[in-house]
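One structure, as structure tokens, below. Some questions next.
Order as written gives the chain letters A, B, C and D; numbering starts at 1 within each chain.
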Amino acid sequence: MAAAKKLSRDRVAQLTAQDIAAGSYINIGLGIPTLVPKYLDPKKEVVLHSENGILGLEGLQPGLPGDEDLINASKQHVQLILGASIVDQSLSFAMMRGGHLDATILGAFQVAMNGDIASWSTGAKDDIPGIGGAMDLVAGSRRVVVVMEHLARGGAPKLMKACSYPLTGLGVVTNIYTDMAIIDVDPARGFVVRGIAEGLSREELQAATDAPLLYADDVAVLTEH
Amino acid sequence: MAAAKKLSRDRVAQLTAQDIAAGSYINIGLGIPTLVPKYLDPKKEVVLHSENGILGLEGLQPGLPGDEDLINASKQHVQLILGASIVDQSLSFAMMRGGHLDATILGAFQVAMNGDIASWSTGAKDDIPGIGGAMDLVAGSRRVVVVMEHLARGGAPKLMKACSYPLTGLGVVTNIYTDMAIIDVDPARGFVVRGIAEGLSREELQAATDAPLLYADDVAVLTEH
Amino acid sequence: MINKIASSLSEAVAPITDGSSVMITGFGDSGLPRELIDALIEQGASDLTIISNNAGTERVGLARLLELGRVRKIVCSYPKSSGSVVFTELYRAGRIELELVPQGTLLERMRAAGAGLGPFFTPTGYGTTIADGKEQRVVDGKGYVLEQPLAADFALVKAYHADRWGNLTYRLAARGFGPVMCMAAKTTIAQVDDIVPLGSIAPEAVVTPGIFVSRVVRKDAQNGRS
Amino acid sequence: MINKIASSLSEAVAPITDGSSVMITGFGDSGLPRELIDALIEQGASDLTIISNNAGTERVGLARLLELGRVRKIVCSYPKSSGSVVFTELYRAGRIELELVPQGTLLERMRAAGAGLGPFFTPTGYGTTIADGKEQRVVDGKGYVLEQPLAADFALVKAYHADRWGNLTYRLAARGFGPVMCMAAKTTIAQVDDIVPLGSIAPEAVVTPGIFVSRVVRKDAQNGRS
């Protein structure tokens, strides 16, 4: 498959950002998701949540000194925006688990057609395990949006009939944005493609995917620009 | 039994106050307990807790206007002292249930020799039931101190072999102050008298008590002044 | 632009429908959202389930809502405050359902709902009639009762200051049930003394973040005024 | 007179004994009570169980405590931050026990302990390996795992201001684990930037009331200095 048919990480982030409704409360995870905020229209007033107890943050403006007591979940320095609030971490997780976030946007190792997600461990013997807030985020957010490359580094598929890695959550993923496609997870039917990268055939997309793909009535062609 | 042998409500409150250690965090309930604070030595810095989320309060100074947003559990106006804090009510109840209060001082309908307490309902048909914070207070406070008249209004005993009224908590009462005696509750042995009102005989005290009374090695004679 | 400011009390309570469950802040006469309750009385919704610490006093506010026959059931910890005449009448006449809950359990059940937790074990009420019909369990020698999360369709909350995002502060002990009810209701409506510009409330001074709040309204915002 | 002020960091951590469980605030490098951790390193207690979100980075602070072999077990949500070299070495060598807990469950277990609750059902981790060996239950179609309260002998907490009663404020997102750990530990020791006179912290601005705090110490209070 030609690399040219794949969307850039920034374009995937941009497509993700376009689908976020104005006034949403959103948690942003590691990986491609960290690129999403820069494509959010400030007029939409999307409010970002960080699990360490910050609601209403943005990237640190270049040239400003970072503050140790203002970081995000990726441990990057951030700054508060007007309207921000600080809470203790148990209340921050109540926001996540309690269904108050409109969406959590995170990376994954694998997503299954029933919405299962595996994102914290490859199950390898010498793997140092680490969960952080991922299990809480997927347990409670209204939408669980996975943003990732369509294929693993070695070329293995990541969109599966069933996950082979240890699960982060069961039946939780609602939408997937990759460098090849935009896919909704229908609890009854499985993966439903609603956008495909320009120049990529349905056969090529299926070949890169373990689970069978269905297609929405309207399938957008995703261009790089 | 001559009324003269009974201690006044104020004297019972004073005896209760004397046994409260300096620096204690205390919750004060309705009835005779409301008289306890005025006998607390300010130098002891006993910090009063009110279930609606106030830690560090005192009675409103005469002549000051009350503030609707500063009341105690008896719905009386209060004022804050230096060092006071305001918390939401779930954290206030965490203090109670979580064992952070050194003592709760409350009234009761009945106390049993195993430490059971009945304080919220007489079980009568037309009784309007009401629990409030009492069940949480007795469930968690390090000491549960009952302050009440020794006999019910009709002359029935209130210190029982077993409570006949619906329970507030099981095996929780640690100390009892009445107008006739000071009694500790020993989980293994039952009621142990450590103070008896002046002029009252042990026989008279037993006659006013349903459960058998034991006596401490040192039994104080409680005078009115 | 996020704008949660309702221009009148009646607009603020408009979405409440017959059969709704409604949490109402307050401890005795403290922390009551009086203006929102009056707006609800005027609004007309009936067959309500009210979740509040007390059951109203005299014949105004919550007691008036009861007296008008608009409340099917009340979930509270202490309905027998002095002056709770209306509740007493209705209860003795069998015309209102009462679910009596220890106050700490009431708070914790609402918090569990708001925090996305399931049932939880609490020591409060273990072995008492409150535990009748509930699962009980002894852990490390201590007895516990299993209690269920308690959510609601709406919460009417008395707060102090709000901004257009719904960030809230509270005044003194009126804080009370506010933070927990804001979390536990699907739609939270807060009345405030003042609406302040975004950014006026210091981030560390926000007690309830706007994520838990759907609408804010000035307590003196009459119909047609903003 | 209530006076919880310790005159030095070493005095503050003196009661920690071998075999103690110790909660430590912090999220990555934010909110860490560095000075108290250094005082604990100097103090010498070993066979510790550490409860903290992460497992330390580089070879300083918590990582140094691990490297010195003073920690038997660590309870945390994310021990593999970049720079967690010491933990990785010890873990691969089988020389440290790890109890991996989802972060929200870690917080909620501590809160349950501090709030006097028993076990609770949380949806987090349902059906995953985290639930292995634990009771699971489906309520209204949603799956939950039963989790246990988590208390500790001590908590080392980074706060901002304190008074002699132990009332605390926190600075920005350093608040983090502080309020919950203060509740969950038998003895809570807070380091602060400044100790202020009683009454200087407005009652509504107190984040952790002194009832949850045993000792406070200035972060620059060296031995023998107050």
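Everything that follows uses one rule, which is that contacts are C-beta pairs under 8 Å (C-beta built on N, C-alpha and C of every residue); 3 or more make two chains touch, one makes a residue touch a chain.
Chain-to-protein mapping (UniProt): A, B = 3-oxoadipate CoA-transferase beta subunit; C, D = 3-oxoadipate CoA-transferase alpha subunit.
Treat the numbers as computed from the prediction; the structure is a model and nothing was measured.
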| item | value |
| --- | --- |
| B-D compared against B-C, more contacting pairs | B-C |
| Distance from the mean Cα position of chain D to that of chain B, given in whole angstrom | 35 |
| Whole-Å separation of chain centres (CA-atom averages), chain A against chain D | 30 |
| Centre-of-Cα separation between chain B and chain A, whole angstrom | 56 |
| Interface hub residues of chain C, defined as touching at least two other chains | 108, 111, 115-117, 122-123, 171-172, 175, 203-204 |
| Per-residue multi-chain contacts in chain A, two or more chains | 86-87, 90, 93, 96-97, 139-140 |
| Pairwise chain contacts, counting only pairs that touch as defined | A-C, A-D, B-C, B-D, C-D |
| Chain A - residues contacting chain D, complex | 50-54, 67-71, 75, 86-90, 93, 96-97, 126, 128-136, 139-140, 166-170 |
| Chain C-touching residues of chain D, taken from the complex the two chains share | 108, 112, 115-123, 137, 139, 142, 144, 169-172, 175, 203-205 |
| For the chain A and chain C complex, residues of the former touching the latter | 22-23, 25, 43, 45, 47, 49, 55-56, 80, 82-87, 90, 93-101, 139-140 |
| Chain D to chain A touching residues, read off their complex | 27-31, 77-81, 84, 87-88, 91-92, 98, 100-105, 107-108, 110-111, 122-130, 143, 171-180, 207 |
| Residues of chain D that touch chain B when the two form their complex | 1-2, 111, 113-117, 163, 165, 167, 183, 198-199, 201, 203-204, 206, 209-212 |
